[in-house]
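This report refers to the structure that appears directly beneath it.
To keep things simple, chains are lettered A, B, C and D as they appear, and every chain counts its residues starting from 1.
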């Protein structure tokens, strides 16, 4: 296992091409947020918008519409039960993030299956939270696309069948190879399983151990893969690294880091990285 | 084509007359924001309020009412399906902005036609986004008033019939003359076609290439034309210039600029300009 | 006519007695905000809360409940159509503010009459906006209580019968005497008619000429009279002075002042005043 | 009666263990917020989230869902009338806070009884506001668990039967012993009755005498007891001390302290304390 280091950031977050328009920076669809867990999809969507994704749409329970627009007018909203609209949009976007606050109800499963039926191999599909649990529980096949899972250890146990105590690099890697997906296994020192390597995240702290932190990560992975499409794996690695690097900066002043604060810090953090260019060392201590 | 320069700002944004009241600074009606695209009309309205328009009313889908009041108590809200109320208000205001998030549904068209039937030649009508697409698709005649279109290139293709690749100054100008309207053609280096001249905006950057940036511009053009009525064309030019000048300032610290951040920076930016008076050079680098 | 000067501030805004609880600082009920003008009652309520009123309740259209709680969890909310609840609360509070965004509909009138029937001579009643228009239009008698009107010139014309052009000190004063009320006549250089004197406000600027500025003033007059009950007239004078003094401070950096910004600046401004004590001159330039 | 001093803070707020996840820092359920008093439960929940509780769920009137998610996406929301969901969640959490804005209606009582039937002796139950009044009025038995009451003097009179004028240390302590609960008696110089001692809070000021201050305290006591479980009494003492210590810092710049401002300052305040370690004196003046 190799330590992920800060050089991944400047590899991915480069100055934007000036000849561009919002379509250049990707379209994303985030699916989640039932009547109980609306905050999860709000945090994921906030992360996507502040990452700089060109166009962000949220498919969610209509009850969350007003709360989303209240704080994130930059996002568009559709009803996640509108099968046709969700299917059409799924086909059009660059990245789909599914799971934050989706729930595990009959309705949740129907939404998941609708989305999964309409992805294609050119897209990135980030599968998080209850979407992972639903797949495992109901034996739902993995959809088409470049798949990225963002499970915590219990969700990974459900999906992979590997008990938490047995989740070693070797066995995790074996299941990853069968899935042919990127796996971001969230834990103290998160591990990232790609098609060629296994990375360990050496940064981050217990100040991040609060609800919503994972939703924000899923939204950032979505935002980065939608926008930095040259190398999807690197985009996911950079998102994961940036998420904890920003949290570490905030944790210098705070006992806990609120997930939305990471998103709000993204535009400033990404600017600093983009200015570093390819020739400079980054001042993170790892 | 002439480069638009920062001198337009101080020409337009002058100190407010002290003998005044809120009516002095214009009344505006913004029409848009269906069930899916509520954020668009929120961003446009925010831009109008922070520009300093005297009275701002938003005609929108009632679902957006709560989100608007949550962040913008300074705006009033009416149901855009209330034909009579919209018609009455349309007749009373100085500027109408129609299009941000309006959608392209049967309902959207009915709302557009209602508004178009009630404008008059003393008013400014800013036509943006789906309103342009609807006009082109359904061959809806241009309404009465000082018309300002704010299309991106594809919307301009729909309205003018000129393919994007063929959108040269000469042909664009020809269609503009037929329309007898101001056209703010949004692109990398936005072009503004007025009755006498064609300007190119030499500022702005890819940090602005995110959803909602155009809605904010439409709201600013609305806010400036409602408030600075001495010369409507200059007001529109100043709004366009200010929009990117503020974005450039924010982009010095941020990888992307969130549209609402431009609006929130407006009162401070406009103050700086108004203090420059007529005798000073402005410190923008162009 | 006497110029109101900054000494009124330190007369009224004195350090809080330490042996106190929230009831010490008054209870207020604000009534207004129909389906269209919800923002008005939000701005008035924000002003009351940030003034430091002990307990703030808003009687409004239920559609505004969510937007109020989104930005002002410190306020309580009741349905302004709940005749019984409104009547009961009216009887219990120290100050009632009625009018911001109330509207002029049948419903609005019924709400007004319900409130007016339940005030008593120990209370302050601040009558603003559409409440003034309704009283004039429908010949509704003035309620019991220490009455404070906050009309702009057209509303004063409606209430007093004096045409705007004829609104001189002498005739205004005559009507005020008949009403036996305090009248805060909002205009360029606002005038305040009390039982013994007429004041002119020498501060303020055109940066305040935006919608919602009067709603914020009404909320501040409410908040000050609920809290500083030793001398109601002085409390109203101090609120009016503070409103423009804060706006002038903000306007040094901003082309326009957003009404909610005045409210948010109140706790800091009032602290500065309370520290000045009785022996110091205040540094406002007038 | 012993003066509570700042050393309680560093005893409780120690650096987080790095080998941890969000479950390490507790699960909390807050119950309250009817159609009128939604703000109360929002303020309590905000305090819990910003304290750093691992997982925060709010059981409230569905009308408050949107306002909660608008400002606090980190919290989850369930309908407080959903008897089964509330019962299940009650059994799973570490701390329950019940009362802020719950109301005193038939519905409120049913919700209270449902929660009380499902607590157990391993949990902390913080009983505040209308929950105290309901228990006293309807003779509802104290639930299982480590009970913490947070009454103001009138609520304590209702619960204990001791008239405010008679609330001396001796009689208060006697009732506390019968209840076998911690009692945080909110007043000018709040008193805390624990199983072994009585403390007086020597800090705090009249700047805190505004609605919602107690809701914020209840949420902090909840957040601290959910997270710092080694010594529940100390956690409650630290929360009470921190609440006024932060308020005192804010009150140096503000005439009144808005309750939500205390919550927003919590992560920074707690960081400072956690850095002080066990060997340093804290710079509070008492």
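We adopt the following convention: contacts are C-beta pairs under 8 Å (C-beta built on N, C-alpha and C of every residue); 3 or more make two chains touch, one makes a residue touch a chain.
The model shown is predicted, which means the values in this text are computed figures rather than measured ones.
Undergrad: Between subunit D and subunit A, is it the same set of residue numbers doing the touching on each side, over half shared, or a different set?
TA: different
Undergrad: What is the chain whose Cα centroid lies farthest from the Cα centroid of subunit C?
TA: A
Undergrad: Using only Cα atoms, superpose subunit B on subunit C and state the rotation angle in degrees, rounded to the nearest 5.
TA: 90
Undergrad: Taking the mean of the C-alpha atoms as each chain's centre, how many Å separate subunit C from subunit D?
TA: Here subunit C and subunit D have centroids separated by 34 Å.
Undergrad: Using mean C-alpha positions as chain centres, tell me how far subunit A is from subunit C in Å, no decimals.
TA: From the centre of subunit A to the centre of subunit C is 49 Å.
Undergrad: Mind pulling the residue numbers of subunit A that touch at least two other chains?
TA: Within subunit A, the residues that touch at least two other chains are 66-67, 70-71.
Undergrad: Give the list of subunit C residues in touch with subunit B in this complex.
TA: Residues 35-40, 42-43, 46, 63-64, 66-67, 70-71, 152, 187-188, 205-207, 209-213, 251, 253-260 of subunit C touch subunit B in their complex.
Undergrad: Flag every residue of subunit A that touches subunit B in the complex, lowest number first.
TA: Spelled out, the residues of subunit A in touch with subunit B are 13, 16-22, 24-25, 49-56, 65-78, 266-271, 273-274.
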